[in-house]
Structure formats: C-alpha cells, structure tokens
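Following are the structures in question.
Note that chain A is present in both complexes that follow, paired respectively with chain B and with chain C.
Coming up: the complex of A and B.
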C-alpha cells in the first residue's frame, strides 16, 4: 500500500482527482443552491447549471449564430496580427539598432486599454461598409489584430535576437551569410517565443473581441441581427434575462478554453523534438 | 581606453520613432479630413495638435468643467478604484502562491483552476459580475482583483520554484525553520518574479476599472468615455481619455518597475557596486 502511494501512477491519478473533486463540490453546491446562500444571491441572477444547460439547448441556433460572429473576426485578427507582428519583429531584428526602439514603442501600445482602442476602431470602420455586420466584424478583427501584433512582435523580437551564447560567433566562423544565419539560427530559435506570444494573445483576442462588441452601434441592425457573444451578454443582462446571459457566458468561456486547448495541442506537437534534445 | 559612444544613442532612436508615429497619425488625419464622404473627421481621427489644444480648452463642456478637468477628475477616480482592487488581488495572489508552495494538495487543486481563470474572458463577464454583486464599486474591485490575481500568483509560484535545491539544502543544514527559510531565501528570490506579475497586472487592473465604469454612470474614465461617445460632451473628451488611459496604463507599468528598484535586494547590491566603482 505504501509502495503504491509513492508510485508515479498514484501521483498522476491524484493530480487529476483533486481538481476534479473540487469542481464536483462546487458544482453540487451550485446545483443545490447552497452557493446562492453563501454568495447572498437568488436563482434569478445565478441560475443552477441544469437550467443554463436547458436554455442553451433551447436557443442553440441563435447561440451558434452569435458564436460564429465572434469567432470569425477573432481568428482572422489573431492570424493576421500574429503574422504581421512576426514580420515586424523580423524587420526589427535585421536593423537591430533602430528596430529595438520600434519594439519599445509597440510595447507602449500594448499598455493602451482595450476599452480605449475598441471605440477608435469602431469609428474608423464606420465608412468601410454599408452592412452593419461587416462593419462590426472589421472593427473587431482590427482591434484583435493590433493586440496580437504587439505581443507577437515583442516576443518574436526577443526570440530572434536573444540567441544562445557564442552561436553568432560560430556562424561567423563558418563564414555563413546573414541569410543562412537567419534561416538556420534565428528562425528556429524564435519558435518557442512564438508560442509564448500566442499563449498571451489567444485569451486576449477572445477578450478584446467580446469587449469590442460593447461599442458597436446596433441601432441599424434588424431583429434577426447577431451582434456577437459579448454584446449579447451585455444586452440580455440589461433586459434582466439572466439565464440567457449565462448561456452566452458559458459559450464564451467554452470558446476561450477551446482555442487555448487547440493551441496547447499544436504547441506540444511543434515543440516535441525540441524537448527530447 | 575610453568607451566609444554608441551610435545612434537610445534617446535618439526613441524620439525618432515617436516623431515617426506622430507623422503617420497626422498623415492619417489629413486623409480623413480631406475625404468628402466623412462628415465629422474629429470623430474618426482628429489631428494630434487638435487633441493637445483641447487640453488647454477653457470652454465648459459640462455644467461646471472644461474637458481637461473632466478627464483629470475621472482619471483620479479610476486610479484609486483600480488601486484597491489591485491590492486585494495582489495579496490574494501572493497568499495562494505561498499556500501552493507549502502544500502539494493545495497546488494540485488550485493550479488547473488558475489556468482556467487565465483562459476565461473575465472582462467579457463584467456585466454579470455587476448583476451578481449588485454594486458597481464592489464589482469593479472584484474584476480588478481577479485580473491581478492570476499573473501575480502564477509568477510568484514560478519564483518559489526557481530556488535551487542546493540553497534549500543549505538552509536545511543550518536547521532553519520554515518561516526563516522563507524570509531569508524564498522571498528575496521570488521578488523579481513577483514584480513581473505586478507589471502585467497593473495595466490590466486599470483596464478593468475603466471597462466597469462604462457599464453604469458613477464617474471614472469609462463613464466620461461613454458620455462623450453619446455626444453629451465634446468628442475631444474621448480623445483625451484615450491618451490619458494609455498614459495611465504605461505609468502603472513603470511605477511597478520603480518600486521593484527600491525594494529588490538584487538592485540594492547593484547600486552599491556602482557606487563602489566610482569611489
């Protein structure tokens, strides 16, 4: 028995068991409404999980429509922003002396709150299209793009310039050209940094897409118009439809978690050979 | 041999970049201004000088205040509220990291949920937290605290883990008690990590405070921002707020760096060495 308790298998099981147990306890407290008496709220504001699940089941088409509206610009912004950020980092790493200053400026942009960025881009996109849906998507994608670009360029610049000691000297002694040094040394060195950046920017892109929706002018929208998950969370709460709001929250959380899990799987595949070395 | 001065010096690089950015902005503003399709260019992208001029605008935009006074007052409200939430989140995060390092069970239970907090879009949940707590002041603190909590506790834990086994063994050989070990070894080691967490968290706490302001009217930058977007005050209040929010965010980041310089033992030794070199 003692041997079993110290074994690796037992440790693995316990590291899964403890959090699951904690989750189950919270779930039971929530479902039996003990959580409500602790937090001093009613089931109107905080519906039990089974109620939320049934609301999700009823409104599934509307939820999926809004999920689509939020997910598409998030992913576009994430992809375009990260690619642009990497390009900026590459240019900055070629001209290190001047590029470093540019990266400092970009990192200052990173400190600008999303709340201030979102209305700027909503105003900018007012003349992009006559269709309100396209306009909202463009504004969201731009906000997400800005934030992803910032975090990617900062991290990738570090990956491209902070090389292992003496590695540049070695490349010089091989008389390798700048291009070869870039392809064989800098590029591979930056790969883990790309994932560091993505780990930050994936949750931020979801958050900024949700927040950006708060500032969309929906007055022109028709009755069936889908403004996106974040806007729906806000609107349903203003109308005091709390169970509907919780269903949108659940979907938004699922979106964040799914994107992060996909990133983790991708990362473990990409960096597999690296960890073995 | 005298050390060669680096060219270009750092201040020159930074100022060239800032001037470049301002030129780009002005170019954009020029395009927007001369586009016949756009009726109100100051809503899309005003000139930088127009925004700066509005800082010194003496015309009243509300009943009693000029635009700059509105922004200044809102700034103070936002900062103080964000500060309270930040302090709560900071202490809670540090205590959790400490507990996680002391007990394996706590670590196993809490760590997955800590990851979950990072992935869940907390800012998007601001309205429901307002509905749950029922009070805008409390919900502002709760959201700022949750956002501060994750980076602080994750980084502090990483700091505790970075203490090398040899150092711990040395403390064990001295028969040092756990509190002494923490005070003399663990806390000093984790200070740089702790401040990395604070530097991430401080702008986030301010963002949270501004966002919650937009949900309900109660002063603060976010409130003034939504007022100006609804045309209740001049639109320059909005642009001033954008600049003020950015400045406050960057300021909070540098403030944490300054505090780190003051308290960190490593920096203290560095300063001493520098002075020793000169003398």
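Coming up: the complex of A and C.
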C-alpha cells in the first residue's frame, strides 16, 4: 500500500482526480442552484449550466463565427509578438551592456492596461483597410502582439544570458566563435524559457483580444456579421441577456483552455529529451 | 529521435490547421437581406442621404441601436451599422457619415464651440427618428414589479416628487442646469445648460410633435409604448430561444403600470398638499448615464427638498450615476437600487430574459435620437 501511494501512477491519478472532483462539485452546486443561494444571485444573472449548454446548441453557427473573429487576431498576435519578442531578446543578448536596460523598458509595455492600448491601436489602424472587419483584426492583433512581445523578450533574454556556471568559460576553452556559442549554448538554453513565456502569453493573448474588442471599430447589428466574442459578451450583458452572455463566455474559456492544452502538448514533445537528462 | 519529434510537431500543426479551417465556413459574410416592406420608391431626402451613407451609419450599439436599425430597414438596407465610440471623433473625421447623436448631448457637442465641442454650428443637419416614424420611447422611471406591489405608497411618493422636480426643471432650465452641475457634473456648465434646454424639449413634446401640457408630464402613452414594443419585436435579436419566445408574446401590460403616474398627475393638479405613507423611506435611483441634465428632474427634486416633503429619505449618494458599462436594469432587478432610469427597449429585453421590471413614469415623451450629417457632404450628394 505504501508502495502504491508513492508510485507514479498514484500521483498521476490524484493530480487529475482532485481538480476533476472540484469541478464536479462546483458543477453540481451550480446546476442545483445551491451556488446561487451562496452567492445571493438569481438564475437571470447566473444561468445554470444546462441552460447555457442549450443556448450554445441553438446558436452554434453564430458562436463559431464570433470565435473565428477572435481566434485569428489572437493567434497572429501571439505568433508575431512572440517572434518579435525573441528577436528583441537576441539583439539585447548580443549587446549585453545596454540590452538589460532595453529589456526593462520593453517590460513596461506589460504594465500598460489593454483598455489604454486598444483605442490607440484602433486609431493607428484607421487607414489600414477600407474594410472595417480587417481594420479591427489588425488593431486587435497589434494589441495582442504588444503584450506577447513583452513577456517573450523578458523571458528569452534570461534564457539567452543566464547560462549554466562555467559554460561560457568552457566554450572559450574550445576556442569557439561567438556564433557557435550562440547556436550551441545560448539558443538551446533559451528553449525552456520560451515555454515559460508562452505559458504567460497564451492566456494573455486571449484576454487581450477579448477586452480590446470593447474599443475596436467593428460592424455589428446584423445576423450574419460577427463582431467577436468579447464584443458579444459586453453587448449581451448590457442587454440583460445573461444566458447568451454565458454562452459566449463558455466559448471564450474553451478557446483559452484549448490553446493552453495545445501549448502543453507542444512543450512536452519539445522538452522530452531535456527531461530525460 | 529528432526526426520523430519533428514528425510529431508537424502532425500537431496540421491538426491545428484543419481545426481552424473548419471555422472558416462560419466566418461573417455580409450578404445583406434588404427587406420587402421598405419604401424605396419614395425618393425622399432621407432616402438619398441613406444611399449616400451606405455602410457608414454609426451607432453605439449595446441596446441603443434599434431605432437606427428600423430606419435602415425602412429604406431597404441591411440592419448592420458601424460601432460608434462615445465621442464624435468618427463623425469629425468623416469615417461615420450619418452619426448617432442624442439631441441633448452629442448634438450639442457637434454644434457648439465650448469645451469639448466640435464647433460645426449650423453646418450640420439631422434625421429625426420621430419624423421618420421609427421613434422608440427612451428615458423613463422603473422599478421591479415586486417592489411596486409591496411599496405602492413609496412608488407613488417617489414618482410625485420626481415629476414635481421635472416640472420645475423644465420651467427653469438655467437653474436646473446649475443644480445638476453642483451635484457632480461630468460636463462643462455651458454644455449642462444646453442639455437642460434640450431635455426639457423631450419632456414637453410628444412623438408627433405636439406639446405636452406641464400637468401631464410623465404620463404613459399606450400607443407610443406599443410602437416601441413592435419595433423591439422586429429588431431585437435574442440568442436564447426562451427569451425570444417571451418577447414575441409580450404585450404593453408586461411593460408598464400607469396607475401611479395617473394618481400623481391628479394630485399635482389638485393643488392640495398630498400626504403619503411610504412603506420604505430610504430609496435610491440608478441613472442610465453620467450625472448631467439628462436627469435634472431628480437632482432638482433632491435639491428643492421634494423627496423630503413626501416623506422619503433620498441623500446625494442615493442618486447613483451610470456609465457605459453599468446595467441599470440588472442593478434594479437584483435590489442594489430601488428605482432606475432606462430606455423602454432596455426594459423589454431585460423582461424577456426573465427579469420582472415595470415602468412607472415616461419622462421623455419623444425620442432624442437623431442621425447627424454635414450639410456640405449632403450637398455634394445632391441633397439641399
């Protein structure tokens, strides 16, 4: 028994079981409206899960349309922002003297609230395209990019500069060039740090895309045009359509969780060898 | 080993691509479905303007869009519009050619030169929703049905004092503007004075342009509520089918209760000092927007002690300002405040989704929403 409790299998089970159990308890309390009496709220404002599920079922096409409008700028912003962030970190690691200070400056972007960034990029993108949808996508992607760039550059810079002790001395003793040191030592050393950055960036990218939609130009009011998940959440809440609002919130959560799971799988594949060492 | 990893990554990426590709089919296509009931044959001035501004009509959305959608549909266009910010920069830069404006707020900012104004003066004109027959009732006083049933005297006293405040404010707009400014204004004193004048016009004129006698302020016109409800049924899109069904079967009885305002009007005209026995003395009211002369009646009633006269305890902090993201219907429904000011359409959508709210007095008798345009632009499109 003691052996079993210490075994890897047991740890795996408990690490999955506890969150699932917690989720099930919340779900049951929510569905049976006990949660409502604890929170002192009504089903008008917090619809039960079965109600939310039925609204999702009724509007699946519309929800998917809005999901697409939010997902595209999220992924573009995440990819471009992370790539730029890494590039900034590489440049900073080459010119270490002022690089560290530069990275600190970039990290300031992380502190600027989305609500302040979104209107700025909205105005910036006014002339990008005559199509208001494209314009909005560009503005959203820029907001996401800005925030992802900051977290990537900070982490990647650490990965490129905080090397194992004496490793640079060793490379020197091999008389390796700066380029070789970079490719063989710094670059591999930064890989886990990239994933640390992405673990922060992925949720931030979804949230910033959702919130920036509040402030970004769009075309709305037609049954066939999708202004995005964030916009729809705000719109439906202000119209007291809470069951509809929660259906958009559920889809937004799903987007965030899916992206995170994809990242986790990616990470476990990429870092597999490293863990074995 | 390395090759194997690369293969895995490739497989993952293809899977992700396939998943995203399946969404493409659902992306927003803008195929417009021009309706049949539109009177496109009537080559009116508005029709010409709407044609010239196709795709550049702005509105704030969030429940303020139904009149604009009704107008778009009337002239045969798709009901979509450009999201408009709470300033008029989009109009200023010609990005929005027909911009939504409230006569008592944004229109003043467009026309006037004072702080925050765009100084267009008489070089702009408007399309009036009332004249177009697509007007909906806006600012009104409401509470929950439950509250009205349990506290009828409180409701009557509150409506009495509030309408007395509105009557005084409409007769003395300058003073009312100063009072509003005193209680924490969001705008300059000049704009406050403008807002007071324009708000008074909405209280004292009905949808057909007839003057409402000061003794009938706040009365609820069943036909106007019916028109509002009909337009809601046509243009309100509710994703929840239960709510959509409820809206379909809604009648004006589900929207308002005019017994309170009828009694109040009688009392106000009888010249005797009424005595109320309010069941709940401490009451509060949630405004739809920032504190300004759009709500001058309540501030005047507070300042002149009308609430105290009827036995109610309303403090400065009991008049709660709203803003872009405050849901006044939710605040009243969950009991955070007792009364609220909202548009009739907002109450209808709240009730459709399961809330139990009731209108008790119609403060603005006509729609204050207009579409503003530049005369120069209109002339260049053949409209004088």
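Basically, the second predicted complex is superposed on the first by the 255 of 277 C-alpha atoms of A that agree within 3 Å, B and C clash if a C-alpha of one lies under 4 Å from a C-alpha of the other, contacts with A are read in each partner's own complex, and residues count from 1 in each chain.
Everything below uses one rule, namely that contacts are C-beta pairs under 8 Å (C-beta built on N, C-alpha and C of every residue); 3 or more make two chains touch, one makes a residue touch a chain.
Values in this document were obtained by computation on a predicted structure and should not be read as measured data.
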Which of chain B and chain C A:45 touches, first, second, both or neither: both
Which of chain B and chain C A:19 touches, first, second, both or neither: first
A:132 touches, of chain B and chain C: first, second, both or neither? second
Contacts of A:242 with chain B and chain C, given as first, second, both or neither: both
Which of chain B and chain C A:164 touches, first, second, both or neither: neither
Which of chain B and chain C A:112 touches, first, second, both or neither: first
Touched partner set for A:210, first chain B, second chain C, both or neither: first
Shared contact residues on chain A - chain B and chain C: 41, 45, 119, 126, 215, 234, 237-238, 242
Interfacial residue positions of chain C with respect to chain A in the complex: 1, 5, 8-9, 12, 16, 20, 23-24, 26-32, 59, 61-63, 65, 68-69, 78-83, 85, 93, 95, 237-243, 325, 327, 329-330, 333-334, 346, 349-350, 353-355
Sites on chain B touched by chain A in the complex: 8, 10, 13-14, 16-18, 21, 35, 37-38, 43-45, 105, 108-109, 111-113, 116, 118-125, 127-128, 130-132, 203, 206-207, 210-211, 214-215, 222, 225, 229, 238, 241-242, 245-246, 249-250, 252-253
Chain B partner contacts - residues on chain A that touch it in the complex: 14-15, 18-19, 21-22, 39, 41, 45-46, 97-98, 100-102, 104-105, 108-109, 111-116, 119-120, 123-124, 126-127, 203, 206-207, 210-211, 214-215, 229-230, 233-234, 237-238, 242, 245-246, 249, 252-253, 256-257, 260
Complex contact set, residues of chain A against chain C: 41-45, 55, 58-59, 61-62, 64-65, 67-69, 71, 75, 119, 126, 132-133, 215, 217-227, 231, 234-244, 247, 262, 265-266, 269-270, 272-273
